[in-house]
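Structures for review follow.
Common to both upcoming complexes is subunit A, partnered first by subunit B, then by subunit C.
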Partner chain A sequence: MYMLHRFERPLWFLGSVLVALGFIGIWQIVASSGLVSNVFLPGPDRTFRALLAGLESGVLTGKFFSTVQHMFYGWFIASLIGISLGAIIGTSRMAQVYVAPSLELLRPLPASALVPVAIAFLGLSTSMVLFIIGFGALWPMLLSTIHGFTSVEPRLNEVSRILRLTKMQYIFKIALPNAMPDILAGMRLSLTVALILAVVGEMLSGQDGLGQWILASGRMFRSPDLFAGVILLGALGYMSATLLTWFEQWVLRWRNEG
Partner chain B sequence: MPSVDQASEAMTAKGARGHGEVIISFENLSLSFGSKLILDNINLDVARGEFLCVIGPSGCGKTTMLRLLAGLLTPSAGQILYQGLPVSGPRPDVAVLFQDYVKALLPWRTVFGNVSLALEAAQVPRKLRRDKIMAHLELVGLADHAEKYPTQLSGGMQQRLQIARCLAQDPEVLLMDEPFGALDAMTRQALQDEMQELASVSGCTIFFVTHDLEEAVYLGDRVIGLLPHPGRVGREFEVNISRPRDQLTTPEKPEFLQLRHELYSFIKLVEHG
Partner chain C sequence: MDLKQTIVDRPSHINWRALVLPILVILGLEIGGHVLPLETEFWPVPSQIATAGWAALLNGSLLNATLETLTAATLGLLLGGSVGLAGGITLGLFPVANKLLTFSIEAVRPIPPTAIIPVALLVLGAGMTMEVSIVAFSAAWPILIFTRSAIQSVEPRLIEVSKVLCLGFFSRVWKIVLPAALPRIFVALRLAVAIALVVCVTVEVTANPIGLGYGMRVAQQALRPDLMFAYLVWIGVVGWSLNLLLTSLQKLLVWRQADEGR
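Up next, the complex of A and B:
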């Protein structure tokens, strides 16, 4: 990764703020010019007023945390299943031979294709939303974990044999740390997938959350509310990615030394 | 040290050198990969505490021999006896030092953690580990770098770290596969001397594969010259040069020069028919 120098960092930050302000400025100009009806495109002024009102009343805050919950739980379930299943498949030749082909068959299925099935079995419930998120977010986790577990340096496998590590020691001391960079990359991908599917799931099921809020605002032509919801979604995506980056830098600190 | 068992005592008569009892014995050992014969009927005894060097042209089966001894490979015919019993797999008291130290170390563990791995594998309780680890790091001169990661070390230091991890196994036998081949001349000489010192202090039996003939004479009590295609024992060279040996004066001794000459002739003959 390209490392920013000490002096570049504040400059880079300032630059990105300026660009963001520029976009907001253009947005305001377009909205005020009347090129697009302000029924569909509210200016930043009205959007931020709607955002503040929503946060103050607690309505939007509630929606925000509902979505956070859906996204996080779905992602968490996917990570748990993805990492453990990936570890098993990655360390067992039997599993690679017998299970991997079925996985290849399931993997290309878009999560949305499973929505009708999920609704039939789970109804328009939170479980259904979590199932959809979990299913979609599982694949990046699973595949990257398998890759990480099967790409152990052959020499390290020999060292493990020489030291006579038990299977458990091998998994936790060699294979898992070796897979960590891949697992984290998978987590990043599945986090994005989880956010998208949380919104889709809420829209389809009507479960409380930003997705449902955005859909409802759109239907009622409350475009400032709709845009406020979108901004919160963007903020959520940005914050979760940042948290994951911190976590990643801490876990992979051995890579950044020297 | 384990007591002398009867099997190895019986072996002694078969031709161990000098004072030592036989610790390792290759008996009619052959190995094939598929239909290709790699090692053909090897018979060789190694005495306890001996520093044995193995030389031979590239591809003649030195590494294969070491891997068989380590229990990483199974013979196609014959066997290797270790303290009288057939080798059937890796053993806690047999350590292996690989040439490619970069690949053999755990990049995600510190210097300390890398040595710790050997103790964790041996189920040494956590409380006892720290002192042992630091003692081994002290021995190879890495005590001040305990918290660094392998990538922060020079090649010589990384190989020292691997040596420390091997020593942490508290081995009876140390198998080394061209351990210093990738290092620059100065570092290599320093590590040769450290190895000589460690060997005499620990009393380990050492099976040392190298393609550097001078290194073999400098370090070994005995040098085995292998013939290629298939790999066989060609000649044995006794190294009767007093210890401790010295990088400056030892290579000037007539015994050293004589042996060096013989080894070169042997290799030349092997390589050019």
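Up next, the complex of A and C:
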């Protein structure tokens, strides 16, 4: 019984991988049966060949890394601004009354709606792509930081007053550690947003990257290249989320030690 | 997650202190635009933006574009929402199916919805269908994930009760499982509505010649920054009103549930 229990999880995992392979098999059968035109739906064989060819020649690898770069820089800028602005608003009563509600007005604005504005002012440049990513990725970070800073246990506030902590000491010793889980959750959400917007920005600006690659491939009816790009983008989304989860567990390891 | 202070915290109550900053910013832009030697063709002042917006509202182009965007968002939500709901219910009720599909779901879910744009463009061409399918793809995931976890966490005793009552499968889902999971499904719906609007505008800005996003692109390319900003403000208003509507609906729903529970 114990043995069975021990193998249960890996067995289910193996089963779900087999099911996924089954789906790929169905995809292959549909593609090669000619039910759907090969122009629209390349089989997995042609897609993986295009993927391998792109990776071997370094074309796709290059595009992959420029998308990673756009995504990371935009996200990083948004994190810096979001966390510091969130810390200011979260610790100041004035800012919560006068500034925070205006953020509520800006938040539902889709970041992609700023693309035409950004193009008008920044042109089809890398800075325009970074601006779009930064704007979109800012909100989850900002809101979760404010939430983390305002939800400090009241007794900790009292303790910090008795200890006469300065505002800076309060932020770094009490509020920031308390807000860390919220901030990390916000960072994870905004990393997803950053990837979505990196693709949009690259499509519209023509800046080098996977977004520009898939749009161009689609327009030239090179569907295996298009699908290869989409698969790489999915892989990038998966890897970045996994990396951040590890990072989160490492930063928050103190919570499980108690 | 809501901020504590909002501009309209109750329908009848407006938080005036919250309006200070927006009014100051608008006044500052207006005065600055007149005083500073800027070219108003590139830096429209708020009054010019309002005039352009009012004109677009009167000739119907703004409302027409809004209708197109909202139609695509609604159809996409209906399609993606029903697929997500059906999938979430199935996976929530049948752990075996859930475990077997884990890998496939985790492989497809991280694909950014914007990466689907070229695929949809290639297969369906530009137009309403393509936009609806992209919205459906993006809205289906949160609904599926939330519904699945909502159903998995339905109080087991309720399921036992339904077994004791010898309810059939469908009446068990309809009478016991869905009502219990409804509040959390509604949270997912709120999320999905916000996603749908964002995806619509994104698709329109990127590739599709309909709706508000395309209106913005046209205004930008026609060197009408006043109209472009008017569209931007309008998109913000639409998004904000949708959010307000859903928040009040959600409150109503939760309130009713709490009321019935008494």
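In the analysis below, the second predicted complex is superposed on the first by the 240 of 258 C-alpha atoms of A that agree within 3 Å, B and C clash if a C-alpha of one lies under 4 Å from a C-alpha of the other, contacts with A are read in each partner's own complex, and residues count from 1 in each chain.
Assume a contact is a pair of C-beta atoms (placed from the backbone, for glycine too) under 8 Å apart; a residue touches a chain by one contact, two chains touch by 3 or more.
If you're wondering where the values come from, they're calculated on a predicted model, not measured in any experiment.
Once chain A of one complex is fitted onto chain A of the other, the partner contacts of A:196 are limited to subunit C, with no touch recorded for subunit B. When both complexes are overlaid on chain A, the residue A:156 reaches subunit B alone and has no touch with subunit C. Of the two partner chains, subunit C is the only one that A:214 touches; subunit B does not reach it.
Of the two partners subunit B and subunit C, more residues of subunit A are touched by C.
Judged by the touch definition given at the top, the superposed model places A:169 against subunit B, while subunit C stays out of reach. Of the two partner chains placed by the overlay, neither subunit B nor subunit C lies in contact with A:80. In the superposition on chain A, contact of A:30 is made with neither subunit B nor subunit C. Looking at the shared chain after the overlay, A:108 reaches subunit C, while subunit B stays out of its contact range. Under the contact criterion defined above, no residue of subunit A touches both subunit B in one complex and subunit C in the other. By the touch rule above, subunit C contacts subunit A in their complex via residues 1, 3-7, 15, 17-22, 25, 42, 99-104, 106-108, 110-119, 121-123, 194, 197-198, 201-202, 205-207, 212-213, 216-217, 219-220, 225, 228-229, 231-232, 235-236, 239-240, 242-243. Against subunit C, the residues of subunit A that register as touching in their complex are 12-13, 15-17, 19-20, 23, 39-41, 96-106, 108-117, 119-120, 143-144, 146-147, 150, 192, 195-197, 199-200, 203-204, 210-211, 214-215, 217-219, 221, 223, 226-227, 229-230, 233-238, 241. On subunit B, the positions that touch subunit A within their shared complex are 70, 72, 90, 92, 94-96, 98, 100, 103-104, 106-110, 117-118, 120-122, 148-149, 151-152, 169. The residues of subunit A lying in touch with subunit B in their complex are 153, 155-156, 158-159, 161-165, 169, 173-174, 177-178, 180, 254-255, 257-258.
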